[in-house]
Amino acid sequence: MKTIQFDEARKRDIIPLGRIAIDFNPVDFNRPLEESTTFKKYLGGSPANIAVGMARLGKRVGFIGKVSNDQFGRFVTGYFKREGIDISRIAIAQKGESLGLTFTEILSPAESSILMYRNGVADLALTTEEVDENYIKDSKAIIISGTALAASPSREAALLAVEYAKKHGTVVIFDVDYRSYTWQSPAEMAIYYAAVARLSDIILGSREEFDLMESLTAPLGSSDRETADRWMAYDNKIVVIKHGKAGSTAYTNDGGVYKIKPFPVQSLKSFGGGDAYASAFLYGLMEGWDIVDCLEFGSGAASMLVSAHSCSDAMPKAEEIREFIRKKKEEFGEMVARG
Amino acid sequence: MKTIQFDEARKRDIIPLGRIAIDFNPVDFNRPLEESTTFKKYLGGSPANIAVGMARLGKRVGFIGKVSNDQFGRFVTGYFKREGIDISRIAIAQKGESLGLTFTEILSPAESSILMYRNGVADLALTTEEVDENYIKDSKAIIISGTALAASPSREAALLAVEYAKKHGTVVIFDVDYRSYTWQSPAEMAIYYAAVARLSDIILGSREEFDLMESLTAPLGSSDRETADRWMAYDNKIVVIKHGKAGSTAYTNDGGVYKIKPFPVQSLKSFGGGDAYASAFLYGLMEGWDIVDCLEFGSGAASMLVSAHSCSDAMPKAEEIREFIRKKKEEFGEMVARG
Amino acid sequence: MKTIQFDEARKRDIIPLGRIAIDFNPVDFNRPLEESTTFKKYLGGSPANIAVGMARLGKRVGFIGKVSNDQFGRFVTGYFKREGIDISRIAIAQKGESLGLTFTEILSPAESSILMYRNGVADLALTTEEVDENYIKDSKAIIISGTALAASPSREAALLAVEYAKKHGTVVIFDVDYRSYTWQSPAEMAIYYAAVARLSDIILGSREEFDLMESLTAPLGSSDRETADRWMAYDNKIVVIKHGKAGSTAYTNDGGVYKIKPFPVQSLKSFGGGDAYASAFLYGLMEGWDIVDCLEFGSGAASMLVSAHSCSDAMPKAEEIREFIRKKKEEFGEMVARG
Amino acid sequence: MKTIQFDEARKRDIIPLGRIAIDFNPVDFNRPLEESTTFKKYLGGSPANIAVGMARLGKRVGFIGKVSNDQFGRFVTGYFKREGIDISRIAIAQKGESLGLTFTEILSPAESSILMYRNGVADLALTTEEVDENYIKDSKAIIISGTALAASPSREAALLAVEYAKKHGTVVIFDVDYRSYTWQSPAEMAIYYAAVARLSDIILGSREEFDLMESLTAPLGSSDRETADRWMAYDNKIVVIKHGKAGSTAYTNDGGVYKIKPFPVQSLKSFGGGDAYASAFLYGLMEGWDIVDCLEFGSGAASMLVSAHSCSDAMPKAEEIREFIRKKKEEFGEMVARG
């Protein structure tokens, strides 16, 4: 039996919930942001990138979120529409909220930081009234982006979506997706991360993100094994813990432990891989693949993304990921990522 | 074995968490509030009343809360101190917050309503930083008043207290204590009530309060039995559902069902009984009594309170409750409340 | 020619603008507020008291303000109605705002302080849309209470009322009425007090209030003469500077200087006189009396009020003030207050 | 005697007060903003542009404002510093405020619109404590940008700066600079515009801006002559009313009326001219030129700017404006702009 079951009868595969934003990535990079003069505009925001990623992989994707009532809001919903993503549950902000912006500072292929515009953003204005119970009931899975928990009323909207998912057997995937903005205190973060993690089926997060989530219960830190056990005790089926360039590990509630490493690539920037990873990993799961194959597919997609200028435009199709992995294996050996 | 175990080694019996307020009850009552001209001032607020109630019953009581930095704040902490309640974890508001006020309108012994002052109140300004892990660790039980969940940052402070209690095996008692103020939407209420109810050991609430708590999961309403089963499935040991003058029922996770009714009294007002009920019921539990005896003791205390002008000053001592019950049984028969 | 002219053709005499509140004065006074147990409820708030005062004196009084949508809001508008004050321009708050409350601490006849409830108050929620140009056009005078300037949107509503009054030749009376609540900084206070004082015709304030108003221009303090000249240079006709028990002085723009002292009385409390003073002084002005007679009438009314338990219920009628002054002169001599 | 006198003994020429922002202008323009993919980043914000403009013209320029504590804040202060503008009174926001952003939509040379990021901006967080009396005392003139009045606490900071300027004889220039953002109501706008206009010495605004400013007093609109007279009655010396491509008119309090038209140019965009106009016009005034020469200089600078991609980088030096005007006159005749 598979670690996780999706209800194949449902008419939609997956619904990310959370922010849609715009990334402005410098054209003249490898320098401080102050000195960059020209920027390219891309759709961004972790759950939005995953929506694009999974749509490119052929999944039937919806979205629960809120965008600004201006040219940028129209840009992102237009983009979604062209990708075949259902935009019927994306609300339009009515009180002057803005779309979140991320200006990227690419100092070098290894060092980067971001300057975020998160004051008065539309995504955090999502309300409980804008979360449609039937939309969640009709989908195999939802992805809760942890950033949606960072402030009210989006926080309650996300928690409500989880309640509906539990009620209707929709698989709950929790992508921790930590951003320091908006949160009032580490305790607040730990409380709400734990509230979702207690009810989810799959958790994806970095070691640092799990440490934040467990800061009340295990203030001195836990091993990956302890972390996985803690959240599987609350009925999670899969816990994926990421360690950046050192690779990641998936724990399953049947005792499985699966490891993967990145593929060797010439990276342009140090971010953007995570959303491609999540998209391709979840795609594999939904296809019923073995966990380790899901991981390898995720790792391949991630490696492709860090070599690209955007986090959304560059999302690969399934055949492109397969081709990428095939070539890397040809060059570096079959076990290049699994070693 | 007892339904619920308290760690007898701990140095404090119980810590209510939530609001301390002031009640202004009209001296010239049985008329609309507009026409009442003279008011008596009493310490009030459900968890504060319970603190007084349990202190009068001889328990070692603490409190987690926040009061105004003014004469009213000093009045309530002074009152607590004289009752022997530990005030070391009651924070003093520093940003001009006020103590909550309740002006009571007593139209008749059966009809009453309240006018609440809840804008900018100190109790809802309690922060996670003001919740002391060791204080909770050193107590047998905490009582979470549902009103503390009505707004941030008090909401997070209450959720954090629950996390600490779970971590250290402190019994979590959830007193739903619904007030319509401050809440943004029924969904929000249901989300946070459920969040605490999933982690608590004992829940006390009226039928209406459970309906609010279950409005997402069971929008058409549940029977008491269904409600009790739902929350005992999340590891609650005792669920008490109150039906006002029709009495109340306690369900225990060993299959027990216990019913109680009010004692016949000449009531002055239709409120104030609940806090006396909770105090005396929990006192009995902590003494290791049978559930039905706890209920009768609670019912006796409640009946005493509705005949009094205040909700705090009139809290009875154990011998007074015993004497009250003895007399009522003498007059109306042994089964007067248990019928 | 009179110092100040009112347009006799107008259908209303005067419109105070600002707060209506409730005073709770202890019945068991001469002790700290913490220890007072019983309180009497009175209509309060400086501009509301003046409205009552002038209505009792027979003037046709309107009001621009906002009250809570609850029993207290209904109490104060009902009170106004019974006094014959037009309540057609008193808005009803729709967002849960409360009526302001003042709990009085009467430590002794000479010492008192107050505990104010000013968080989320209805009066400061008055908007520009709720200020009716024609209402101001149809009145001889408006009184701007300085407290209405303490926060937006009431601040803008008050400034708009002044603009309308200037446009239509309605006399602008500025009652500084300083309360430390709500203001963000001394500079803010000085800015907005000065903004109104530059456009007003009559200013009433204590020496301390004028010092606050002039803190930017004359940080080291001014004499009464300098203060009067400063604001008469901006076209004020009368500037009244009050020195508490030491009496007060009125300066007029034709060079007049008029002094008055309180009448000897056994006072119960040290507050409440100012609103009676303003009412009776303005009454005299509107009757066309000499300034010094206006002052004496004001001083008489003030002396009557400090001996009473309330600030509104006790507002005297014209014949009562006359009788009071007559008796005091009989007892202490004709020049008792003018000395 | 000159219409306006500047105190030549002061150590600084001029201090704009208000916002510093960043403009993102599309490289691929003449299309809707949604479709533009690449943007160039420029320092922007009307008072910031004027600061750059006047520094390029050789004036000693200071600034009162507040910027974000991030890369963008450092970009703009670094830019100012390189232009020789004193940045000692530019505060750094400490509560997560962002620098305002303006994304320009250039649909055609004649049509353009903007998408502004004004939620939680640093400039509107300027406080009264950050306005230095001596800095204003030591400068010949300050420019108040009307946008600084759009919200508290920046509103009070701007009003305080005006109070200090009046106290010390610093010339007050009011650049109406209307932006629809942040204002709560048209009445609010009219109130605060009028508050500054009653105290200023020079007002610069478009016909539409004066209509907004006068909407309470003259709701049906005024002629330019009436507008000029209205504000000169409050002691303004120069009132400049702009009519876009139809040119502008300066009224002086000695009865002078001076008209100017734009120079014929191939424009790239329809905005950015106003700040160059203000810079060059005020430069001329400070040099003691005749009003009409100031206007022509302003018009020349404005015409140069609308042909450029930025509003700040392209600010011309005095010799460049002179050369531009010389050439245009050579081509189109001496009276090309004065006609």
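Residue numbering begins at 1 within each chain, and the chains themselves are lettered A, B, C and D in the order written.
Going forward, contacts are C-beta pairs under 8 Å (C-beta built on N, C-alpha and C of every residue); 3 or more make two chains touch, one makes a residue touch a chain.
Note that this is a predicted model, so its numbers are computed, not measured.
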Touching subunit B and also subunit C, the following chains: none
Superposing rotation of subunit A relative to subunit D, computed on C-alpha atoms, to nearest 5°: 180
Centre-to-centre distance between subunit D and subunit A (centres being mean Cα positions), rounded to whole Å: 44
For subunit A paired with subunit B, centre-to-centre distance based on mean C-alpha positions, whole Å: 42
Length of the line joining the C-alpha centres of subunit B and subunit D, rounded to whole Å: 61
Multi-partner residues of subunit A (each touching 2 or more other chains): none
Topology of the chain contact graph, where touching chains are joined (line, ring, star, complete, other): ring
Chains touching one another, given as label pairs in label order: A-B, A-D, B-C, C-D
Complex interface listing, subunit C residues touching subunit B: 24, 27, 32-34, 36-41, 70-72, 74-75, 78, 96-98, 101, 103, 105, 115, 117, 119-121, 181
Of all residues in subunit C, those that touch subunit D in their complex: 127-129, 152-153, 156, 159-160, 163-164, 167, 184-185, 187-188, 190-191, 194-195, 198, 216-217
